[in-house]
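Mind having a look at this structure? Questions to follow.
A, B, C and D label the chains in the order they appear, each numbered from 1.
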Amino acid sequence: MKRFAFDFENELINLESEIDRLKSIKQLSKEDSRKLEELEKIYSEVYRKTYSNLTPWNRVQLARHPYRPTSLFYINRLFKGLQEIKADRRYPDDLSLVCFIGEYKGKKTAIAGIEKGADSRERQKRRFGMPLPEGYYKFIRLLEIAEQLKIPVITFVDTPGAYPGIEAEEKGQALAIARSIQKMLFVKVPTVSFVIGEGGSGGAIALACADRIYVLENAYYSVISPEGCASILFHDEKRAPEAAELLKLTADDLFKLKLIHGIVKEPLGSAYRHPEETLRNIDKTLENALQEISSKDVEQLLKERHQFFINIDRNINNLVK
Amino acid sequence: MNDRIKTNLKEDILWLKCSNCKEFIFKRIFEENLKVCPICGFHYRIGAYERIEMTFDDGIRGFKSLFEDIVSKDILGFTTSEPYSLTLEKNREKSGVKEAVIVGTGKVKGYEIAAIIFDFNFMGGSMGFGVGERIIRIFNYASQKKLPVFAFIASGGARMQEGMVSLYQMPRTIIAVEKFKEETRLPYVSIFLNPTTGGVLASFAYLADYIAAEPNALIGFAGPRVIEKTIGRKLPERFQRSEFLLEKGLIDKIVRRNEIRDFVSWWCRS
Amino acid sequence: MKRFAFDFENELINLESEIDRLKSIKQLSKEDSRKLEELEKIYSEVYRKTYSNLTPWNRVQLARHPYRPTSLFYINRLFKGLQEIKADRRYPDDLSLVCFIGEYKGKKTAIAGIEKGADSRERQKRRFGMPLPEGYYKFIRLLEIAEQLKIPVITFVDTPGAYPGIEAEEKGQALAIARSIQKMLFVKVPTVSFVIGEGGSGGAIALACADRIYVLENAYYSVISPEGCASILFHDEKRAPEAAELLKLTADDLFKLKLIHGIVKEPLGSAYRHPEETLRNIDKTLENALQEISSKDVEQLLKERHQFFINIDRNINNLVK
Amino acid sequence: MNDRIKTNLKEDILWLKCSNCKEFIFKRIFEENLKVCPICGFHYRIGAYERIEMTFDDGIRGFKSLFEDIVSKDILGFTTSEPYSLTLEKNREKSGVKEAVIVGTGKVKGYEIAAIIFDFNFMGGSMGFGVGERIIRIFNYASQKKLPVFAFIASGGARMQEGMVSLYQMPRTIIAVEKFKEETRLPYVSIFLNPTTGGVLASFAYLADYIAAEPNALIGFAGPRVIEKTIGRKLPERFQRSEFLLEKGLIDKIVRRNEIRDFVSWWCRS
């Protein structure tokens, strides 16, 4: 079976396959043995080449990589004793957005994640991480519980966007997102958001208006998908790589624009090759973030949260000549 | 139903053909009827200043436009066949407004109000930094001057040329709405015009106390083409139209254009 | 066509029919003329007899009388410039519960009413005044608007109860009622409730937890319908009249138990024969009530509202020997 | 599914027949299994003190029952074949509790909690003044002592023998819940047992932060017979059962009886 590979990874994946093939042979010929040695020598060089100097489009591709860890991967490992909050009590549960109360370093924490699903059956069930209005209303309920229990809220964002469907529109997708943003902006407890894969416009920002917003090195966070942008600008979705460049959607660009609080590093080769190390980086970032904001009193916290968004004009005026 | 209809009609003709009912209508009657077809009632799209002219007591003269100097800039260096700054210039010329939204104050039936009026002719009423900032400023201003706020929305959503700065106008304007609500007991009312979609709908616009819409306006989070592509089939005719939203419980009322002055002034009364 | 009549009104209605018949004859015979005169003499006596000394069951019957004015009758006449609040923005509008902003004596007021409908087509459409969860959520939205605009809330209650159906249960009828009560108890504006016809248990109290609660003289407000009670107690719905007696569900009884703030008088013959006069009585009561409570500051208002409910034990201990 | 099953089984028999799966089960095993059928998992109804015995660290001895003197009285002079006061007496004898709810404190896995435990054997767990007042007192008590509140609900609704005084327990208990939430940051968790309907469900019970239910419990605002009468047809088998509610998004979790101690103590941890 051919492994999944994006264009820019092709050379590397082919090398890997060839190395694996040779390794699987029980009695290697002299020639093959030499070849394997040679291949292994160049492998590390190609690996480095492939994952250094990634373009914004490459990062979008990595953000969407089918093997990339999804929200539940991190949630299940970072938090103990997860108790799930199911549904908004007006509609059946939306599995594309999961909510829990759990324990982080021995302390109760509210957790939400937009979950794409780990395999194709799961993905179907979870609508490929595209929430319905009831998903956002469930998240609002989680925020209300967090407020009542006075516990911090951690969110994991990984969505191509809110679900664009008939049912979603009929149930008021726009209002659900507006209310989700509103509640997140005014919730009286510390909040931390991680964009771990796709940060697709309105559907993503609904869970990302936190006291601390982090984007993973190979995640993206964008006002529109590169394809959507290319289709409007160039009438050609295939020019998405150019659009990805224009949109300044990488963690690096967003941090330079001061639109996020930090970048979570991924090891060379990205999260899908190094999930545990990426997890550790998130863990470290989260611990530090909570330490920074947990001691603040609510009034100060909200004031700073609002100023972060309101004051983007200062930064912008500095950036535009 | 045809959304994109010719409203910038040549000066020298007396008769127009309604693109909705296909009937010929006398141009002067059409203008007097606030650009609503006198035969089928189709509400044609109008610019921000046309809206101001027909809504405020002394029309444009009775309206004080505020924060005119706040406009979007090319933050990202967004250049395709032309730089974004040139796109902005071209749109200013084309639409006659400096940004996709006009904010200001004026009287309606004797009541002073603060107003947010989108102009769809300016880059599809898209919300970038200029639009968001103007909205924030007018909410703060209304709060200080104790004026009710009326938002006339017509927007395709966030403006992609400013990237995530545009998306961040969603939380920014929502903060402004909530501060206004915290500081005053005055009404904030939205009127959705054709079309209202995306990030504008999903932020400050939908958080009004009361929501009305002009007839047959396209209103939705996702655009119909995106939905059709996702679900792989055609959408029903009336889907995402004002009447559909009213039926689904998503808005409170449909107001015809000639009722808007009454509607606005009603909310201003004690 | 025979007019609608409850058993206890039969004699009176028959008299009315006979009088009307005689009056409609153009040239009355001497005998008939004498008969009409006689009938008119006894009519007023029968009228008085019929409507004095009404039993609790008679009042339940009058509360359900098909000609009795419904919420919209009073709302349309008491308030000017009604602007309807439609739906809760998550489900299609529930027509059994109507919400408005209107003007009362020149001042903006929030108004809600459970509406049975005036004719049979209307009644079908309005589910005979039995709200669905979305009706109560719409009412909660009205309360939020009233709080934002700082305007008083007036409610009109006329319901056999919340709708008992599959759809209602699936959408969380119980939680909708709990939240409606909760919001009404804590809404930061003055509130006045009128039980104008049927005050059917949970579905009614959801709109009747006000600063001032009034019940019309021939309305009833009960924990269970007399039929339901009879069916449990006696295994016989037909013994509802006895149950009505036991339940202490009349305005008079409730006022004696100090469970309501006052009774709105109806002219002899009840509201269905004298809608305008009943309207005037409601108007007067409402004006006085608003005068009493509008000047209080919010904290005091809520304190008193809560104490009214919490302190029912004092009254009860006084009542029970 | 049979709701009314014989649990008060004669002492002299060793084997019982499960009314759900019709299998014979060893009585001792049944008791050890917390009165859950070891074959089909059917949860049999239990009294308040049985619940206390199996939930608290030292069973009944580890539980401090509070406000025992608060009980309902015959306020209305409600007399049918017997006066209500006699009905109360008879129920006290039959159920072994003085009211349809027991409130108090005790430890679960070392954590001190305040608990509300309904006894369906006492007039169908119906809520009159005594029940409402006890609930109010325990919420106030929990607020003072800073204890989390766990409510084990099994109730047919408001108690008609006290008329509107019973219905008024809905706002009264809701005020108590809200004061508790205002004054503490501690969890209030409801566990719906079989059956939970009417005014208890539609008031304090449903306003918990988190809601769990035992398997197959009947939970609903209106009773199934009332609904069947209204809609004129039979209800589906699983309608209004715990699993149905979970599917419809109306509760958060189903907890089996043997998981309840873990569940409760989980909420008590930091």
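Everything that follows uses one rule, which is that contacts are C-beta pairs under 8 Å (C-beta built on N, C-alpha and C of every residue); 3 or more make two chains touch, one makes a residue touch a chain.
Quick caveat, the model's predicted, so the values are computed rather than measured.
Common neighbours of chain B and chain C (chains touching each): A. Ranking every chain by how far its Cα centroid lies from the centroid of chain A, the top place goes to C.
With A-D and C-D as the two chain pairs, more C-beta contacts join C-D. Mean C-alpha positions place chain A and chain D at a centre distance of 43 Å. The distance from the centre of chain C to the centre of chain D, with each centre set as the mean of the Cα atoms, comes to 33 Å. Distance from the chain A centre to the chain C centre is 55 Å, each centre being the mean of its Cα atoms. A separation of 54 Å divides the Cα centre of chain B from that of chain D. In chain C, the residues that reach two or more other chains under the touch definition are 89-91, 172, 175. In chain B, the residues that touch at least two other chains are 248, 250.
The residues of chain A lying in touch with chain C in their complex are 89-91, 133, 137, 171-172, 175. Those residues of chain A whose C-beta lies close enough to touch chain B in the complex are 162-166, 168-170, 172-175, 177-179, 181-182, 185-186, 201-202, 205, 209, 221-224, 228-229, 232-234, 246-249, 254, 257, 259, 306, 309-310, 312-313, 316, 319-320.
By the touch rule above, chain B contacts chain A in their complex via residues 73-76, 78-80, 129, 133, 136, 158-160, 162-168, 170-172, 174-175, 178, 198-199, 201-207, 220-223, 226-227, 230-231, 235, 239-240, 248, 250.
Residues of chain A touching chain D in their complex: 81, 83-93, 101, 103, 106-108, 134, 145, 148-150. Note for the complex: chain D touches chain A at residues 181, 185-187, 209-210, 246-253, 266-267, 269-270.
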